[in-house]
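Going in written order, the chains are labelled A, B, C, D and E, and every chain counts its residues from 1.
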């Protein structure tokens, strides 16, 4: 499988602090890759680097063979990389539908004048956008909440809406930042199924940060472990869970496994 | 909240609407000017004067016009010293209140935009101290409904320049002016032109912005240029502040100003700093002709009148003369009658020229500040 | 050279007036995170309180001064209660605070016009107005006093904020009001303290402004300059407010003195904007980390 | 009531409305707060006056038709705003406010010093072209354009920027461009308003376009309700009329005006309309949102078959 | 020690709590478990005075609590909020000292500070650092240390393990255990039901704003229904 995302020697320094230190890994086309590590290990920083919110100090990020370093976030999104946020960032005062509709904008290209004068192309494309947004909501079981203001949505559904909004961009690579945070095992399980399903249905590749080991171990085909900005391990779920360094830095000796 | 607001709005609108109608032997005269903002001191003074004079007429049984006795009603509105508000007020006075004439305002910028409305409504306006030529004449054409009782900027600027060159023997002059004020810019322009025409040199031309209170950077620069006189064509508040600061910086040049100066406040705040300064004025305060008005005003309002009161007084005189001459309380007729009218006012002889609607040939008075008093120097006319 | 030094003195003098106004404004900003446009109105009232204390009540200067400062302290607190507290409780966005503040500023200015009148008034001479002359240079006595007062009130404020428990609580509240309450801090009291302090400083600024120049209802307009100065120095930073004020004063003076007084404010604005482009949070502003 | 007077007030309200609608796009829909829109009005007013004033008058104009003045004034304001945006749009919050304040004041200061345009003494003799009908048409066009814009992808992108800048970027929205578009359009609106203002007053002076004017516009937008076109329309009408209605109170009227502003902010923090549009679709949307909320509550309570207290 | 009686709270028009009654005895660790939106945080926020109940009362040591957060802290209840809410703009030590805002006993404060540093050696190293620069785990420790500094007897903890790596989750629970040793009473709200039930003496299960089950924690942990809903069907931890 060809890699959709290829990161090499990625380094980011804030002042004197090295948040990400020469990290390399790749995400295969159609794969689900997990990114784990203790708090402050630099996981979210890597997301910010990939999506163009931060500029790397050094190193390269290649998406489908092309470097995306230095591009503006919206260009990167335009190319097919999008993400969700650790602390959900929805368009809070807009309805669920409008959240998705707004994100569909890349599927239309009518001009300004066409919009102001409501010319046929504007109307045709708007119709298409509306249909697309409705469809996405339908697929993700959010149609019932179509007109609810996003802020009034229950927490779990807000997370789901954020994913729908990301999907509205027709991404090829989806970055999920702690999608299961604050979810109980039941909800986490649903989320796992959802991630696999959207990967299959939308033909995506997924990179996910998560602390819920169930989720990581359950859906990730490949896992990258960070500690203090450095990559300390990489491999399949099995390999990772047996890796002594990972256990020491991250997993801990899990007495609970015995108990359960 | 919203309901209350709308209710208040509605009630106020109805109340405002009820003002109309009224007696046929009452003549309504409008006044507009600033009752709030920087210029409110003068606005209040003008309105007081206008009210007092018409009350006096009413008390004396009114005025006979075309064989019928009329009483007066004065309707005065605040324009905040703002052009847009002046337009609103003019529309209200002419449309809603149906006045036959308007007295005021004192600021040119407020008077100029009134013209089209006056023309449409056929109501004359007699400005008090609006000194910009364009108040009455635009592009060589006289505005049919705009009149004034004061002299104009070019004249005042020429008087100041001539007096400085001829009488004070000044050969170098510095100008400090308010760049965002039309009055100040106007005087500065005509002072410069005339002073240089006479052969003098402008050695410094510095400005400030309305609202500024510190002028020392500009004054320091003026000090370095060492002029014989400093022309300060702006209002008394800034004059007092800048004069004080000039003296603090050790500037000894004679200070010279225009009709924005005279005020009690200038003396109380400028004190020693303005001592020995000269300014161009519309009248001599010690003139016997004005004493009667001064004391009447003081008796009624308990304080001294400002300069604007005298001009408002003469504007009322001119209006009443025009009214009598017109023979009927009709704006159009009064406007016609005002052209060429000749009235002896307390600020001098006022002959309204039909070509310019200005009081042609009105002399300026030069006053000097001596021991905290405004001492008349001479009548001075610019050539 | 003489000209240069004199202009420098002029600039410092103007700058310290801006500073006196900017510190109170910046203090409120640092806690409440909004531009308190009513500050100018409170300063104006301070000038009137001091003036009436000296003339009408014939109080000694120190007493009149305290009367003015405590008077404005009270006014600032009343404004907070009426115009901001309801918004605060509703967690309204900063825009609403600004508009409410503008309303308060319009109200205060016109209330004074309606009740006291629009005329300007002159403070009786408290400190001799004659400048200290150093050769060809003139330094105003009042300027020196204002400079010292600015420095002292700034040091006091910094000490108060950094070293006292209440000061720390103020800083904590500026970051997160809820968490601050969880520490047992009466946050309402903290906010009142901040507004009270801001009001107190406004009183000082008003009295000195009145003494240096004059008293009139539109004094508040000058504070626009001190807002600009505070932005220039970095919003919410007290030393920044002072530095920005002094710099703005000096820049204005030198532009007027050496380039063009006609374009003084224009050039000052250009410099301000250039600084903001290079340093988007002002010279000493706190850089807010946008956590993704 | 006299019609000329009422008409005058309505015309002023209509002129204000154009500027307010523009500012509403910037502040209400894009979330940027400007203190400098009077500057754009000034540019529109002066350029418009220059285009339409007679060549024989002083200052001399070009004597071209009014419609060209509207186009030219709007375009000039738009062009200037583009350059201002390039410099200032990356600034955040109050820093952007102060930068716009700086630009607005700078524009006024420039006009004060340009003698070609009359300097502080102003420009009298601007033709009286702003008829009631012209203003009415302009208002209708302004409302329709804006309504269509905010319901298009361009408008939605602006709203997204207002709601959450970072998320907007990640959603592929060129935030800077959206802000820029919004700024330029709002400046064009302000410029056009300036043209109408100049041709209503027939006289313009830099001091008409002071900071106070900018604040007034902002107050109207917020008073009407952020993100509501109907709110801006209503706000412009009510707040232009309010000082006239209060005229009877003489010097107290501005005190009441200030108090009214505080009162509205405190009691109706979302402004008069609070995001609601007074159009069939706007009301439909609003009721849909309300129903959705009620329904959501119901679903949340559905499993709760116990005692119903509420 | 704490007694909540028939508490009803409405939140943004939605009734979030519908008649909650619970009690916490001195020295106990009591946990409240429930899904998102069950009303757990609402309950804690009501106890600590940020939300006003529609009906019902909260009694602390037999007395009705005042309705102002700072006065509640004064009476000895300390709340470690969800999301930690540390003061990022202050130094770590200032954060801790703010915890002791209501105390005036300098010596005791100093000794408590030392105690906190003993408990969290990591914090001592960074005492002068700006709290905003700390990692998520360190911030959680700081928030807990700050709670100790208030010297409150009852500590309300809201999701202390949220967003923490597995290793840190363990540490956090260890520390809660140590709190018990310091004589604190703890009311713990946790998403990680498994760990919470292991640690706690008693537990309440909250669903849709109501308590649906209560009992000794160990017992509830074995309840099949609870196991299914809150503990997950798969084995947990590193085993995969």
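In this section, a contact is a pair of C-beta atoms (placed from the backbone, for glycine too) under 8 Å apart; a residue touches a chain by one contact, two chains touch by 3 or more.
Treat the numbers as computed from the prediction; the structure is a model and nothing was measured.
*Asks:* Please work out which of B-C and C-D is bridged by more C-beta pairs in contact, and write that pair.
*Replies:* C-D
*Asks:* Farthest from subunit D by Cα centre, which chain is it? Let me know.
*Replies:* So the farthest one, by centre of C-alpha atoms, is E.
*Asks:* Measuring centre to centre, with centres taken as mean CA positions, what chain is farthest from subunit C?
*Replies:* That would be chain A.
*Asks:* Could you work out how far the Cα centre of subunit B sits from that of subunit E, in whole Å?
*Replies:* Averaging C-alpha atoms per chain gives centres 74 Å apart.
*Asks:* As a quick test, compute the distance in whole Å between the mean CA positions of subunit A and subunit E.
*Replies:* Here the centre of subunit E sits 31 Å away from the centre of subunit A.
*Asks:* Between subunit A and subunit D, what distance separates the C-alpha centroids? Give it in angstrom.
*Replies:* So the centre of subunit A lies 39 Å away from the centre of subunit D.
*Asks:* From the C-alpha centre of subunit C to that of subunit E, how far is it in Å?
*Replies:* 43
*Asks:* Using the touch definition from the top, which residues of subunit A touch two or more other chains?
*Replies:* Subunit A, residues with two or more chain partners: 53, 85-86, 152, 154.
*Asks:* Two or more other chains touching the same residue: where does that happen in subunit B?
*Replies:* Residues 36, 179, 209 of subunit B each touch two or more of the other chains.
*Asks:* Taking each residue of subunit D in turn, which ones touch at least two of the other chains?
*Replies:* Only 109, 112-113, 166, 251, 254, 260, 267, 293, 300 qualify.
*Asks:* Residues of subunit C touching subunit D in their complex?
*Replies:* 29, 34-35, 82-83, 86-87, 90, 92, 94-96, 98-100, 102-111, 113-114, 224, 227-228, 231, 235, 262-263, 265-266, 269-270, 272-273, 276-277, 280-282, 288, 290, 292
*Asks:* With touch defined as at the start, can you tell me which subunit A residues reach subunit E in the complex?
*Replies:* Listed in rising order, the residues of subunit A that touch subunit E are 17, 36-41, 86, 152, 154-156, 178, 181-189, 211, 213-214, 217-218, 237-238, 241, 247, 249-252, 254, 256-257, 259-260.
*Asks:* Can you check the complex and tell me which residues of subunit C touch subunit E?
*Replies:* Against subunit E, the touching part of subunit C is residues 165, 168-169, 171-172, 174-176, 178-187, 286, 289.
*Asks:* Would you tell me which residues of subunit D are touching subunit A in their complex?
*Replies:* Contact set of subunit D toward subunit A: 145, 148-149, 152-157, 159-160, 163-164, 166-175, 181, 275, 285, 288-289, 291-293, 295-296, 299-300.
*Asks:* Using the touch definition from the top, list the residues of subunit B that touch subunit C in their complex.
*Replies:* 36-38, 40-41, 44, 179, 206-209, 211, 213-214, 216-218, 220-221, 224, 237, 240-241, 244, 248-250, 265, 268-269
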